[in-house]
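Look for subunit A in each of the two complexes below; its partner is subunit B in the first and subunit C in the second.
The block that comes next holds the complex of A and B.
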């Protein structure tokens, strides 16, 4: 089956097919209940002020480390609430990746591309959506919550094409123009949708454009979303929960993401901007880190209490870490050489810190992991075998995750055979 | 007002990065990222190393010099300490639960004022460390200054508030100075970073920056000259958003305000601010300045970070190792 063909089929039949296939791919040959929540801190979270503190060293900065709920594992004092949930978290401290610019790093980390494979791979949320499909009938496979504008994020889809694009809720609000105009009846709307589908099919045949397919499916998706607009309306968030998660965009968006997962959205990515702290970094950390700490700890508490950590994989990551060296603007610059990601749930072994860095945080000590290792690991946690399935692009098989890397055995309760 | 002519002297390279600078008479003290303060004596217009003060943790974020070689300081982990001749005199562990940012000695040298992120002003006996008064003010307190007559203090915060407190620790007044604070996405940016009482305590200089962005942090350095009651006398921007924050200041004996501003790595200036207009009358480019101390009427010392301090990814030193930055203490003549 060529997933990149312009063959047109109804969204429902396509979704059903994908779900069935993904179910077959999942362990146990049962429809997968796995879900994914990505928290993307755009700009680059400092490993030294979060998961891998080095107090008292020349690059350690002004802050302390604090004990966590796991004996022997310490986080930065910037994460006091999350530290209470370290028993639910696995931190990988030996990340060493390739790009020290945003322009390359943002895409390559999210595409799982440790070396440029010469192919425009889909972002993790799109790729996971492609393999797992929708979880609940009518709900989209993948959604994004981000500050600013919403819409379909076509640029994330790579060679999979626009119809796999995640729907982004700008500032957590419902998609624009979601509601049917009061000027037309439901019957008239149906007729318009039918006409649009017909024209899109003709257009897709003529132009070979996956955008036409995506356009048509957008309108179908809107039908579903209208009936669940409570999920997409930040004004309907429970006030007590908003207080627990934090009344700022990252807090509200993580809370909203929890609701989307509960409603059956398979994959949610929450994007937060403003982490590129080249200047006044330490004052910035004192302002920024609590805005992550509170909602992340509330999320872990809630997912755990609701039994959702059994099947929801949570990943907190960025395009790189930040330099140990402190610049003349009291900032930290871009550092892909030795940094950290954190994850929880869905068969990730919690309560550990995998890998380590040198005492001053400059180098990875021992084995280093690139983003390809994480993609193998995360797909394995989601029940998708990176050795058994592959993409096809115009007849050419393409691996889900880079062949030069492997799943990290130490992170997985049920590691695949290729894990090391 | 006569326009000052600044001229740099041979800089002194320090062995690590420093967070703050304080002086009294011929004594200078610089607080390090390594929890150690370095002492220097000014002899024949040259700085001579005069020992170290150990015992603090994290960064030594603020220092204040008293009489007879007494130096007090505090750190980013809430500890405070004093030394005489480099030997510990007293120590207050965990005086604050968090970052203590500013220290200032009363003009008579008897009282140490400390303020920081927990929003509390603390007054301590300089010679014993005993608490004399505590005043919860709120906000993240980033600037602190005793009046010249020693009867009051001004305390400034992240959100642009100034509180006037009596020498005994009683609140007298508070007012807002607009333009020093902004919320950019998740980040609260800005703050009044400098407060300095001018001649006769008739003017209070408040300086910091007008924030433009978070993250990268771009901010336009700014100074506001205030009457003691908070009325704005003059307000002036001291550059562009690349120039960042006014981080340290001192009134020159001839009645003008010296300010250092530091922004994007490699930028930075020492300004002579005209008290009649609030605008710079003269300036000297100085790379990455963070601290300032005057050594009489004809000498200033500026604490800076070395040039070429930034860079993404691995920046190697000449031996192929990972290069650390360091501070530089530069003397500048004023004529």
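The block that comes next holds the complex of A and C.
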């Protein structure tokens, strides 16, 4: 078995990261060209108003289903533009997971819900960044674009520690105060930064501070951001592209994510809030779904036209789906029992819908997949073998994904054994 | 065996005062099989307790005074002194606000209510009763904000009664029952749907009075709550009850006779029903053993950086406390009516609180043998900068700026306190930071301009980090100061480097 020691790999990826930050990526880059774009719809996307419509059934709601570019596969009429790209997408309709609360579900789904080993696993974007490392010189391995505050998302890193945290751009914007104030000389700025770094290095050694390591990273990344301001500045987005992707948060953020991937950021996660539609769900869907439909279809069109779908894996997911049953407030509540995820690119076999739910959408019909199945599948698509590679945590080998689940072969162009 | 039983008997008795709580906690550590081999050194302790109790680093004079006091009693004396300071009241009102409101919003009367509690000898039972029954004659102004804020509409969404029900379960009983709204919890067998619905039978009657005044009204009781599991659709019902307890007998009231005082549109009064649920909920929760345990766990989490039960929302047999006997000792004290200040005094004198700083040496009980780094809030950071630099009076504009950069906005789902580029750039380029570096009469910068060599490094580290520098740190700082073209620039470089260091921005 090609058992890769966490310690060995950690050190190597750390050095690679440092080299990349210093602009010397050629010395430390990993050979893979794979990239990952996660679109996280926080609150829970309704499978019935997207990938698994049930029109005309007791829980189907008022919307119709429409044909897609793949004969026999129908999406909700809420996704008319994306339906034209169904030939690039694989939908999994038989997801059945464990948590129906946001507080537990958000973390468990993004950690892949591994068996309880007494440690917190990293989120998928952090885990993938950990194994794939930075892709291009000077660019972070993993970035997040989200509404609200930006910063380093340490809470996603689990046992990998703060230094693996993704850099989040709040509202897609570059951080303010990016440029040195006019009343300080470059020499003073360099001297104080150097002393700060030295003191944090001493502190990290003396106190075992992982925060100190992450803090020093923020100062280095500030330099990267300053030099690549164009990529992180939504005001510099091309107006025609903004129109194609949609001039709203999710539209601009997905467009910006495309730019970051093109610039060599290995992993980008776009977070959108507000999908938790417990009340007035159907009017809400008419407002919400186009905000996903337009940028997702534009993204797939662009990635395909630029040849990027060969190596960029795109995943659209949430912490759960929504109840088929419509509640007293015309809303749909949380439903992990039977829901859908969608994916495209990087060797995922497109143009298919894997799995099915019962006629009323309440349960999975036949085999169900948990999030662990998806983690095995996504890691395989990214070229990381979940059977050959393990984390090592305090001497304990830990699998990348739940060992009670496996990759879904029907989704993968190359069988998982070919991953390294 | 006999001695162990006797020992258990000793500390299971509720602690009447701070010293008894300290003793009970220290004795419990042995039963929890946690050996804290050494304690935090005096510098570490002095800084830690200042940040925890009064929300700022100590001044150099305070640190020196502490170090000069008799070793046997100085820690306990320092705790007493800090607990008696006005800053304590302000800082702990803010801490309780964050625990209870989770940044949902602010209210001046609520702030006053919490400040009064923090400085009083009242028990957590009384605090909780006043929050859950704010209509009671004895309830102070502002006590209703806990419920009223949760009874507000957000946009077009209806009042989120399930969220209110969940919060009552989480914050007072340590049980997040949200998953059990529609069926028995799938992964926590002890969390049943009837538990959620029993709590909901209390909360569903509540209505918002006036948001600005944080007043609550009640609708008449509408019989039992009927529900069914989404899995088997079998019909069930329950009256108001706490999880695992017998439903209360609520007298039936004839239609048309529900109100003792009828609603009045003119006065915007929602009326007073003959059977009110809020007093019953307050009574049930405050008589429940889980209340004290949940409070103890949440307070410990603030002071230790992690809960004895982690997450504090999932206290159940499948997620046992890492230190069960210690948690019992802490909870027993609160159950006996111990007020906040006394409880904190007992807690900060315990070996558990005084563990040396460092990364966790394992999981479970072993994780508590070291104190982790806890990032400071924006408020603590602003107050610490002011204290360390000695620039004079509190600057509200600066506090606002620190809150903006280091605070945690309402409903922001991320964890607070992590390093960020934004924070790095704030330290590096914000004019507010630059302005703090100017020498002023009696401030740190002016003092440093009069010092050279090791004395300079000593003053610098003691002011900012509450400890002397190591040899390596001293050499690095003095080399940077010596290399600068001007003495003031050299000292500015050194002060800035320490302010922007990780250690200044955490409690450990």
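Simple rule for what comes next: the second predicted complex is superposed on the first by the 382 of 420 C-alpha atoms of A that agree within 3 Å, B and C clash if a C-alpha of one lies under 4 Å from a C-alpha of the other, contacts with A are read in each partner's own complex, and residues count from 1 in each chain.
Just so we're on the same page, contacts are C-beta pairs under 8 Å (C-beta built on N, C-alpha and C of every residue); 3 or more make two chains touch, one makes a residue touch a chain.
These figures come from a predicted structure and were not determined experimentally.
After alignment on the shared subunit A, the placement of subunit B and subunit C results in a clash. In the superposition on chain A, contact of A:202 is made with subunit C only, not with subunit B.
Set against each other, subunit B and subunit C touch different numbers of residues in subunit A, with C touching more. In the superposition on chain A, no contact is made by A:366 with either subunit B or subunit C. Contact with both subunit B and subunit C is seen for A:278 once the two complexes are overlaid on the shared chain. Residue contacts after overlaying the shared chain place A:100 against subunit B and subunit C alike. After overlaying the two complexes on the shared chain, residue contacts for A:404 are found with neither subunit B nor subunit C. Touch criterion met: A:326 reaches subunit B, while subunit C stays clear of it. Applying the stated contact rule after C-alpha superposition, one finds that A:167 touches subunit C and leaves subunit B untouched.
Residue contacts after overlaying the shared chain place A:67 against neither subunit B nor subunit C.
Residue contacts after overlaying the shared chain place A:55 against subunit B, while subunit C stays out of touching range.
Of the stretches 217-225, 271-279 or 289-297 listed for subunit B, only 217-225 runs into subunit C once the two complexes are overlaid on chain A. In the three-chain superposition model, subunit A touches both subunit B and subunit C at residues 100-101, 273, 278-280, 323, 325, 329, 333.
Note for the complex: subunit B touches subunit A at residues 16-17, 19, 33-35, 57-59, 61, 75-77, 99, 117, 140, 184-189, 191, 214-218, 244-245, 262-266, 268, 287-288, 290, 304-307, 309-315, 322-325.
In the complex of the two chains, the subunit A residues touching subunit C come out as 42, 98-101, 103-104, 106, 118-119, 148-155, 162, 165, 167-168, 170, 175-181, 183-184, 188-189, 191-196, 198-200, 202-204, 206-212, 214-215, 217-219, 221-222, 225, 273, 278-280, 323, 325, 329, 333, 394. By the touch criterion given at the top, residues 43, 55-56, 58-59, 61-64, 100-101, 147, 248-250, 272-280, 282-284, 286-288, 291, 323-331, 333-337, 360, 362 of subunit A touch subunit B in their complex.
The touching residues of subunit C, counted against subunit A in their complex, run 156-158, 160, 176, 178-179, 181-182, 186-187, 230, 313, 357-359, 362-364, 373, 375, 409, 412-415, 418-426, 428-431, 434, 470, 472-473, 476-477, 480, 483-484, 489, 492-494, 496-498, 500-503, 505-506, 508.
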